[in-house]
Amino acid sequence: MTEVRLETQGLSRHFGALVAVQGIDFKLAAGARHALIGPNGAGKTTFINLLTGVLPPTHGRVLLGGRDITSTAQAGRVKLGIARTFQINRLFRGLSVLENVCIAVTERAGAAGSMFYPAGRRGDLIAEAMELLRTLKLADAARHRVSELPYGRQRLVELAIAIALKPEVLLLDEPAAGVPSAESHIILDAIERLPEHIAVLIIEHDMDVVFRFAKRITVMVSGAVFAEGTPREIEANPQVREVYLGQAAQGAFHG
Amino acid sequence: MRRHRLRWWEALPWIAGIVFYFAFPDYLGFGCELLVTILFALSLDLALGYAGIITLGHAAFFGAGAYTVGMLASYNIWTEPITGLLLAALVAGAIGFLSGIVLLRTRGLTLLMLTLCIMALLEQAANMGAAYTGGFDGLPSLPIAPLFGVFDFSALYADTQYLFALAVLFVCFLFVRILVYSPFGQSLTGIRENVSRMHAIGSPVRRRLIVCYTISAALAGVAGGLLAQTTAYVNLAVLGLDRAATVLIVLILGGYGRLYGAFIGAVIYLALEHFLAQVYPTAWQLGLGLMLVVIALFARNGILGLAETLWRRYENRRGPS
Amino acid sequence: MSRRIITALAAAAAAAIAAGGATSQAQAQDVKIGLILPYTGPGAELSPQMDKAIDLYQKLHAAQIKPYKYTIIKRDSKAPNGAAAKVDTQELLTQNKVDVIAGYIYSPDAIASAPVITAGKRLAVIMNAGTAFITNLSPYFIRTSFTLWQSSYVMGEEAAKYLHAKTAVVAYTDYPPGKDALNAFKYAFEHNGGKVIDAIPAGGPEATPDFTPFFQRAKDEHPNVLFVFVPAGDQATAVVKTYAALGMKAAGTQLIGTGDIVPDNMLQGMGDAAVGLITVHHYNADLDNPQNKAFVAAWKKAYGPDSTPDFTSVGAYDGMAAITHAVHATKGKIDNAAAAVKSLEGWKFNSPQGPIEIDPKTRDIIMNEYLDQVYKGKDGKLHEKVLATFHAVKDQCKALAIGPCAPKK
Amino acid sequence: MNFATDIAGIVLGGLAAGTVLFIVSVGLSVTMGLMGFVNLAHGAFAMFGGYVVVLAMNRAHFGFGVALAVSFIATAALSVVLERALYWPLYRSGELDQVLFTIGLIFIFIAGTTILVGPEHQTLQLPAALSGQLNLGFVRYRTYSVFLIVIGVLIALGIWLTFERTRIGGQIRATVDNRRMAESLGINVDRLFTITFAFGSGMAAIGGGLGAEFLGLDPQYPLKYLVYFLIAVSVGGLGSVIGVYYAALILGVLDFVLTLYLPKGGTIFIYVLTILILLARPQGLFGRKEL
Amino acid sequence: MASALQLRGVSAGYGETVVLEDIDLALACGECISVVGRNGVGKTTLLSTVMGHTTLHSGEVTLDGQSLNGMPCFRRALAGIGFVPQEREIFPSLSVRENLGIAARPGAWTHARVFELFPRLAERLDNMGNQLSGGEQQMLSIGRALLTNPTILLMDEPTEGLAPVIVEALTAVLARLAADSALSIILVEQNSRVALNFSPRTVILDKGRIVYDGESAPLRADPDRLAKLIGIVE
């Protein structure tokens, strides 16, 4: 039995009368490759926001390595090792690729509050950022402005920023969304090469990606966990198929 | 990443500043005004251009600095110019820190209105305390001690003042320059470019903003203190919307978020205003207004933005051949 | 017939002969006058009144000015914060090398420029700025306008003596002239047995406030008189209209003030609401003296029948007269500020506002003050009649050495 | 004078002042809510309108009502020309470019007015029927204030009805709610904005004319009162007609009460109030959108 | 039959993103089609592209032979495209009456006809948009689009998040709409049962491309094939 890195207990989030996430008990093992799937509006992104502390939960707890972090703010959780990417790029578009990654590296290294030397003088941090870009095959674009890159490579930068935080838990929100199919393999390759010790939770619609990547899958429907298991179990689960074809009585979960 | 390295043309403003001193000894009063405005705009750039804090109340700090220097001098408590500026920075910074804690939760128009109202409050307070601040009539003929105990501030030819202001601007500029290229400055740029990403990489965004706002306020305080010293005068107008709006316009005109936007904007705005007003004292605002409208319509991000666009276009055209 | 006019005519004749005889010995000597007024910003509307007076003086007194020639260099002092005026003063002195500085509508403009005037050693004629202590700030300042202490002090006395008021409420614009007006009125009124029961700061000088709450408060306190100071301009009109609209007269409260609440060039715009108002001021366009009759007539001829000079015009006009006197007294060496100032100490002049003198001790003006009342004339227009004249009124702030008005040691 | 009539006086006086603020600011609120355009030059249209009213009355001897109507039309027409020619290219620009542009426009208006009309203050002579005092039964109060309140109520009601009961009003509210959806239903938002902009400027002109009697009128007008317009809009909430109306009236009455009882505080209250309201409700009293 | 709406070689996305790649699709006058696929495959983007909300990277969209490229969104609506968006996007500060009325244009669809279709709306005319239940919002969204009298109606997942009873009722309404020969419909649905029953022709999208464009019947009969096409199973 592997160690549990991230855990939620009875996690819920209401928006007024709407229950977006309802009583989720979820465990993410250390070094896990875990996918979170489900139809639109199932509450996947809300769940990520609860894990990262963007939103406070209405009920329930979030535990990281057994420690209750429910009331820890977003920045604090990052320091504890939870990093994420966004479904739609959130990059520093006016800056170069290297600068984008450097900002993250510097922040992680605790040097971002320093005022009295040029950022360029921290050769160690820049070297680290360059090394990361090299592993993501972005080194050639390091000096380019992010906004000048094709979208697929911008998605890689999105990933690079998260990895630069050296997380223990990495939450990927549709990492290949918006990327032309011809380019999507570069993202997938990058994800596959992620360091093994990182626990990865990926939200993804592309089942090819999910089945290729995930060792475990959680299906969310209407804010609750609908099913969980290995890819084989999920694939074999007729109810999951129903959900995806829209033929399961979704109303049951509203009741 | 090597942006922080000095380039040859960065010496130009300072050379120009010194040439101005020798070439136009009769314009040094105007020169002082220009230097003070550049410094004030630079302080605003730190908040607005780098951290994206949109404020219409920056004169609050300018005025705080000016009154610190002015009141200490007027009551003969402290007249030494260099330490006077440090005290101005301290007081303005403290006000920036306190108001920043309260205000920097908000954004957009709300923040704009709140900064404006804080400034108006200070202005009203200074008016109500006219017995001490001199109110609208101000504190006249401030005694400013000679610089280093040697160089007097002449009232007629502002030569000492000019060089002093130039030196202060230079020191402050170096400070700002180091700051914006520092890791801290980079994280401010990050906040401006994408605040939610900064949260997501674990940056203490609000703390950074407050620190930045405080530094910016302190620099504005230095600018205000410098105005009080170079003109030997301070009155309520240092806290007015007029000054806050002018510096905002100066910065947008020059181009915000760029170290030299404050320089370009202040030089062009003030020079145009000054010389149009000499030629056509009753309606010079027409020319100034037309320029602002034209720049707003045809340039994105001010004159420096326009220059960059043109330069890139030129490069692109040259590139393929 | 005034002797002055005769002399003027004689001088004009002499000058004409001299010119006609083509034997002009005196080379026309250029006197450069730097004129600093707010041509833009909140004070912009006051500048034309002064500009016109300055032009008119030169036209009417071309003969007296001879053999000198005035070149006037105008500079905009912009917003009333002193900064632009100070740079203007510096540049006029250092670049344009002017011989004399004139103007200054707002006190901060004069106050900020004082050290430059002192260092530049040129005569500076204050044509409007009214804060009492300004003339203490430089030995080269002389003032041909007025201070609020002059009119408000007299109004305070007369409120008690002439109007037999026992109680008063003061409403004033919350900036230095307003505070001067309050202090002067209060001092004089209370030394004559009255009591100021409330002093209401009514907004700042720039935006016109709604006066209703202030006046409502005053009305509820039932004073005998409501003494108001606001800067001449939009605010004055608003004051008079609000007073009328609240029906305060019927409630037994008389509105009084300095002449600023009934400026000549706005009087007609106030309508019947202004009829009966009592003010104290050193000038109104209806003053019955030969100099004024000639002045107003020449003004209307030059600028049209609807245009009227007011007290700011007279300040500028008298300032030009002072400069002309100094130019002649120093034989064209008006750039010798000490001599120029000396020539003006004790200088007397028959102004349209009546006889004036420059106080040799304070370099401030000594003038007549008039207790005026607005009435509707047979021509259907509003006029002011003089109820009483107070001769040779000095600035009481300096006379009593109150606060910053006390001469510097 | 007893307490009841005192209160009546306060309320009437505050409402009258608030009414003018409302009439001038309402257009700004709606256009800012609709397009997010930071139009600091809004006061310039109020000034332009005020000048048209005064000049029409003093030089062409029009009646007050006719002058107001002429002013509305002239200002609306001018604003359409400016909107199509100059504002339009800046819709997609950042708010700071819009600030630069509209401040430039204010300068042009100030200088233009100074050159064409002169720097003098213009006085407006009210018709006799509106001068003096009116007996309301429980209190006597200045006729013009009462007139303003009535006009204000009528205008507010008119705008409110237009907003709430007409198709174009619905389209405006729909666009403020969700611009993309409104366009997806075939609403021409650009044209809607032009119409709204013209109407808002016309209202500002009427406000300028109605307020000229006690706010005065000179070339500095657009800058003098800019802060008050912005306060009304931000406190009321962007894009909300009712919001601006209540905000203007609340500010008018509270300011009136405070200046009446605590005049030593000067204009400090209005800023304190604004700060407190905006800290408690950053979107304004009636706003839905973040400002 | 003449094609009312045609997409030729369309690639589109939001800004720089690419969501749809090389889409060819033609819709005849009065024809109805269903578009199915998992979430995230570009179904909504397809409708947005027709409506003009996306960035068209290449290709052309035509309506009645006329190119829509570069045409602003509101002109497309006026040209006869009606839009029922995924989140319904009811105007919250407008009443039901106003939501229906503000964009209504004369034509075959009148208020009376809409109320006949959705009697519930007639009862709630004076409620504000934000006071409606999910089902009512959906009815309102459809009614609002119908009153613009479109020739083509784009519907984005109308059954999403609705209780089964309501889905059933809505399905009946959709059938009635489909029967209207003057109206072409593109129905984007995640609920494949609703979709396949709605129209004789179905388009399946996967990863931004059309992987199936043909009759619905064979898919109804072969759920495994459907699941494979949609990409739930290998």
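By letter and in written order, the chains are A, B, C, D and E; residue numbering begins at 1 in each of them.
Keep in mind that, in the parts below, a residue touches a chain if its C-beta (ideal position, glycine included) is under 8 Å from a C-beta of that chain, and two chains touch if they have at least 3 such contacts.
The model shown is predicted, which means the values in this text are computed figures rather than measured ones.
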Any chain that touches chain E and chain A: none
Chain-contact steps, minimal, separating chain C from chain A: 2
In contact with chain C as well as chain E, sorted by label, we have D
If chain centres are mean C-alpha positions, then the most distant from chain B is chain E
Which chain's mean C-alpha position is the greatest distance from chain D's? A
Just curious, how far off is chain E from chain D if you go by their C-alpha centres, in Å? 43
Which whole number of Å gives the spacing of the CA centres of chain B and chain E? 55
In whole angstrom, how far does the Cα centroid of chain B sit from the Cα centroid of chain D? 33
Taking each chain's centre as its mean C-alpha position, how far apart are chain A and chain D in Å? 49
Interface hub residues of chain D, defined as touching at least two other chains: 110-111, 114, 119, 264, 266-267
When you check chain C against every other chain, which residues touch at least two of them? 39-40, 44, 47, 174, 204
What are all the touching pairs of chains? A-B, A-E, B-C, B-D, C-D, D-E
Write out the stretch or stretches of chain A touching chain B in their complex. 52, 54, 74-79, 83-84, 86, 90-96, 98-99, 102-104, 106-108, 111-122, 126, 161-162, 164-165
Interface residues, chain B side, partner chain D - complex: 54, 102, 105-110, 113-114, 116-118, 120-121, 124-125, 127-128, 241, 245, 248-249, 252-253, 256, 282-286, 288-297, 300-302
Which of the residues in chain D end up touching chain E in this complex? 167, 170-171, 173-174, 176-178, 180-189, 288
Contact set on chain C toward chain D in their complex: 39-42, 44-45, 47-48, 174, 200-204, 206-214, 216-217, 219-220, 233-235, 237-238, 241-242, 244-247, 265-266, 269-271, 273
Chain B-touching residues of chain D, taken from the complex the two chains share: 32, 38, 86, 89-90, 93-101, 103-112, 114-115, 119, 226-227, 230-231, 234, 238, 264-268, 271-272, 274-275, 278-279, 282-283, 290-291
